[in-house]
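Okay, so subunit A shows up in both of these, paired with subunit B first and subunit C after.
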Partner chain A sequence: MTMLRRIADKPWLWSFVAAFATWLATIAFTGGQGGEQLLTAAFTFATFFVIVGIGQMFVITLGPGNVDLSIPATITLAGSVAMKVADTQDSMILLSLVAALACGLAVGVFNYALILILRIPPIIATLSSSFVVLSTAIAYGRGLRIKPPPMLADFTTAQVAGVPVLAICVAFLAAVMGVVLHRTVYGRSVIAIGQNQRAAALAGIKVERIRFMTYVLSAMLAALCGYLFSGFSGGSSLSMGEQYLLASIAVVVIGGTSVAGGNANLPGLWGAALFLFLVQSMLNTYQLSAGLRYLATGLIIIAVIVLAGGEKARR
Partner chain B sequence: MLKRTFACAVAAAALFAASHAIADTKDKKIALSNNYAGNSWRQAMLRSWDKVTKPAVEAGIVAAADPFTTAENQVTEQAAQIQNLVLQGYNAIVLNAASPDALNGAVKEACDAGVVVVSFDGIVTEPCAWRIAVDFKQMGKDEVLYLKDKMPQGGNLLEIRGLAGVFVDDEISKGIHEGVAENPQFKIVGSVHGDWDQAKAQAAVAGILPSLPEIAAVVTQGGDGYGAAQAFKAAGRPTPLIIMGNREDELKWWKEQKDANGYETMSVSIAPGVSTLAFWVAQMILDGKDVPKDLVVPFLRIDQDNLEQNLANTEAGGVANVEYTAEDAQKVVDAAKK
Partner chain C sequence: MTAVSPARFLRAILPALSLAILLIAVYHLNPRAISPLGFQLMFNLAIPIALATIAQMCVITVNDLDLSIGAYVGFVVCIAATWLQEIPVLGLLALIGGILVYMLLGALIHLRKLPSIVVTLGMSFVWLGLAILVLPTPGGQSPGWLAALMKYKPPPIPFLGGLVIPFPILAAVVIAAVAHVGLMNTSYGSILRGSGGNPKAIERAGWSLLKTKVTMFGLAGFFGMLAGLALIGLTTSAQANVAERYTLLSIAGVILGGGSFVGGRVSPVGAVIGAMTLTLAASFLAFMRIPPDWQIGAQGAILIIVLALRAIIDRLEKPI
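Showing the complex of A and B:
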């Protein structure tokens, strides 16, 4: 009984339970056909959600009011810049990665400058900066879709025995970020600030420096996602970031991270990302109309959050 | 006699002056009100607008042809924009509307203020405005008719739709379903929304593909064909016949397949240059010409034999496009009068 409770105490568990249930419900409909391929596809697309989810999770953990809404624009800008720099040449792969990350760095610094110097609340600051960033991407790329270098495309779409190589790399990245979150001064400072900013400041944590690093981290992970996603989907496009606005927040919340901050949950990002993709696939497989699909998506997400949150309240 | 001749001459001169004043649009200002610029199609649309209207302004055909795009793709924002354009004294507004009916109030106000409103692509239902519409339903049906010729034995179809809740998506889909109803050898076994975006289409197709039987063809709406091809490849399934939507990456992929294994398909979409057709129509109306309120713009269709030519004319990463001339506009108007 205590063991059961201890397992149920892990809020991230629910996202995996939900993902697994959704997967079962989908393959039950098809009579067991295509289950493995569906899982492969889910891991492929979940990977990108996890990359941006990690950044968003660190930001949200900083406490109430902290959220990064510039992620979609950053993805688009980094993707367009990287693809233009690479110009489909394999030899430029590393340089274009650097260019993408530099975009992320610039956006992160810009976001934080708005928050600190102009004293704009993060939700407004990152939203307005996203307009600036997206306009830059439009002016820079003029909406043209440039193909990725072949080696980048091959790497981002490669699979080993049905497991996407990129998913393995990102699982490794997530593990490293897990260590950063729980075992380093930086990560613990993020959590401490989220639990009580004033107490953290009194305890000697340089709050503003930690917040600065966190917004930069989030923007750079978004840039990394833009770079890899451009490689994966055959080029950058102006609308490539759109789906990541809600998704980046949803994977964090469904994954069991506290929206109020101070309590982060990294493994849950994977469960939540798989879940988000599988819900769409399930509803598509059931051939529901678009309206019903949106309705069902909303209801299912609410149900999962209530389940995960309910456990926490009882604790 | 002399008096009479003089009177005639004055009348003639007056008539000439009057008709001249009507026929002259060199003092007229035209504005483009556009609700969205965040994809390659809209970017190409704006570039075409500049390409055609700038020389027209320089040549003195009109005084101004300024494009305005709203930041948020919101009806309220565009309604306010239309009101501003009226206040700024534009004589005509060429409109790609965020909604077919929610802007009617603002459009009516503009008409009442004597401003000519020509809507295209995203048209408005307000009767005082002109509409340059696309027969999207026919476009969907044409896809099935093409398949009927190509594979008379029929087969399973996967449908990729656009953005849910948008008029264009409903119309194309209706056309496809109508075509399938008339040709029961085809069966739509799956339908997903790809939002006219390659990456989203790829994710949606990858998610539904494992549950589907063998697919003979994919019917699309444009901007989603390449993503579908990628998803089939990733799943290790044979590539079906995928209808394309004139995007450069789609045409290029098609060309590669054609060279490698004789792959056959067709590609159909609306040329973003339709904005320039709307410009000429607005100019004709300002010129006092009789233009019917409802006009229909032709599709831009690419087939196996003119693929290379169209691909060569399409900017890398862009959309196959044509810009229209004043003569093209005249033809479209004449066709509508018949």
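Showing the complex of A and C:
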């Protein structure tokens, strides 16, 4: 019994349970057909959610009020800059990756400068910077869709025995970030700040430096996502970041990370990301109209948050 | 009352000052814009934005954030353009239902200690879905009385030399006055603000935090509804995502108007002025021939500049 309770106590487990249930509900409708393909697709799309989710999770773990709303704009900017730099040339792949990450670095530094110098809450800082970043992306990209270099497109869509290569890479990245979170001074400082910023500062943690690194990390992961996603989806587009505003936050919260900060949960990101995608494809499979699909997505997300949030409140 | 410190005074007039500077800039670029007709045209869209900003301010007062207000305004627009037109009773019920949903959300967020950002992000999908269900393709028709109201031209004021106050300005004054008196000058208004500033103290004093949260979310739903009605009165035909940008505009408006993000420190008058500043910024950019690509960015830049000014003022106030 204690073991059962210990398992049930793990908040991230629920996200996997929910993802599995959604998968079952979908293939039950199709009569068991396409279950494997659906899983492959889910892992592919979940990968992108997880990349931005990791950054958002570190930011949210810093404590109340910390959230990065500039992720969608950063994805769009990094995607369009990288595709323009690459100019469909395979030889430019690395350089375009560097360009994308440089965009992320710039946005992260800008975000943090606003937070520090203007002393405004991060929500407002990242929101106002996202206005500027998105405008830059629009003016820079001019709405053109430049194709990715073939090698990047191949890499992002490659599969090994039905498992997307990208998912394997990102699983590795997530594992590394898990070690960073729990085993390094930086990661533990993030958690400590989230639990009690004053105590962390008194204990000698350089709070501002850690916050700076975290916002830069989040923006750079968003940039990486923009780079990979434009490779995957055949080019950058101005609306490519849109869905990530909800996704980046929902993945973190559904994944069992405390919104109050100080308690991060990395495995849950995967469950939540799979769940988010599977809900979408389930509703598509049921052939609902666009209106019903939006309605159901919203209601399901709220329902899961109510259930997951309640779990935390009790403890 | 002791003398108001210069920093505090500066902070209080900063929203009005930004609006005035922007007006002067517009006058410089196009003198004819500063006329009753020019004001009517430039500030028409400020009415729904100001109402949405007041709605957002209600939520921010209790330390939450509403990321669904744009979608909700779109929902109201679609209801007003269809049901309210064809079967008024049903339309009215749907609008009241919207406010009830807002109150329910307030209760849910309070009781389950949920993050308002995520819940309202989820709600934005719900409102958008409902709006599309009501009106799958752009169209519908604005109820005649709404269009007539929004086109209302106030009579000239005889003792001011026949001055005509443009309707948007009149509306902005009324909205600001109602919100100001309700929130700043009533006893329950200070309880409502207090529940954002120091929830524990309010609870110890015997007030229900659940009730304040539900009240504020209900008010947000109410003002959001007014915003939708004003918008459909101006645009004549409806579309589900017509007010998508209102979410960001309303947050920016509250902050521009001097509201703090936490702690119940808000300013209804400032919020209305903030909304007008953002609306005017669009006209200003058009006069400057800045391409529409940069419009969002320029609004972000204005937000950052005003926040920077406020940071400077704050620093003046607290010398080290």
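Criterion: the second predicted complex is superposed on the first by the 310 of 315 C-alpha atoms of A that agree within 3 Å, B and C clash if a C-alpha of one lies under 4 Å from a C-alpha of the other, contacts with A are read in each partner's own complex, and residues count from 1 in each chain.
Throughout what follows, contacts are C-beta pairs under 8 Å (C-beta built on N, C-alpha and C of every residue); 3 or more make two chains touch, one makes a residue touch a chain.
What you are looking at is a predicted structure, and each value in this text was computed from that prediction instead of being measured.
After superposition on subunit A, the partners subunit B and subunit C are seen to clash.
Of the two partner chains, subunit C is the only one touched by A:Thr136; subunit B is not. When the two complexes are overlaid on their common chain A, residue A:Ala28 makes contact with neither subunit B nor subunit C.
Within the superposed three-chain model, A:Thr297 lies in touch with subunit C and out of touch with subunit B [touch as defined at top]. Legend: residue contacts after superposition of the two complexes on their common chain; A:Val176 is shown touching neither subunit B nor subunit C.
When both complexes are overlaid on chain A, the residue A:Gln280 reaches subunit B alone and has no touch with subunit C.
When the two structures are aligned on the shared chain, A:Gly234 is found in touch with subunit B, with no touch to subunit C. Of the two partner chains, subunit C is the only one that A:Val253 touches; subunit B does not reach it. In the superposed model, A:Gln243 lies in contact with subunit B only, and not with subunit C.
In the superposition on chain A, A:Arg119 makes contact with subunit C only, while subunit B stays out of contact range. Put simply, of the subunit C stretches 112-120, 130-138, 220-228 or 310-318, the part that bumps into subunit B is 130-138. On subunit A, the surface touched by subunit B in one complex and the surface touched by subunit C in the other have residues 131, 134, 138, 290-291, 293-294 in common.
Interface of subunit A with subunit C (complex): residues 65, 67, 114, 117-121, 123-124, 127-132, 134-136, 138-139, 245-246, 249-250, 253, 259, 289-299, 301-302, 305-306, 309-310, 312-313.
Listing the residues of subunit C that touch subunit A in their complex gives 65, 108, 112-115, 117-119, 121-133, 136, 248, 251-252, 255, 261-262, 291, 293-301, 303-304, 307-308, 310-311, 314. Partner subunit B is touched in their complex by these residues of subunit A: 26-27, 29-30, 33-38, 41-42, 44-45, 131, 134, 138, 142-147, 157, 229, 233-235, 237-240, 242-243, 277-278, 280-281, 284-285, 287, 290-291, 293-294.
On the side of subunit B, the complex with subunit A involves touching residues 37-40, 42-44, 47, 71, 161, 164-165, 190-193, 195, 197-200, 202-204, 206-212, 226-227, 230, 234-235, 247-249, 315-318.
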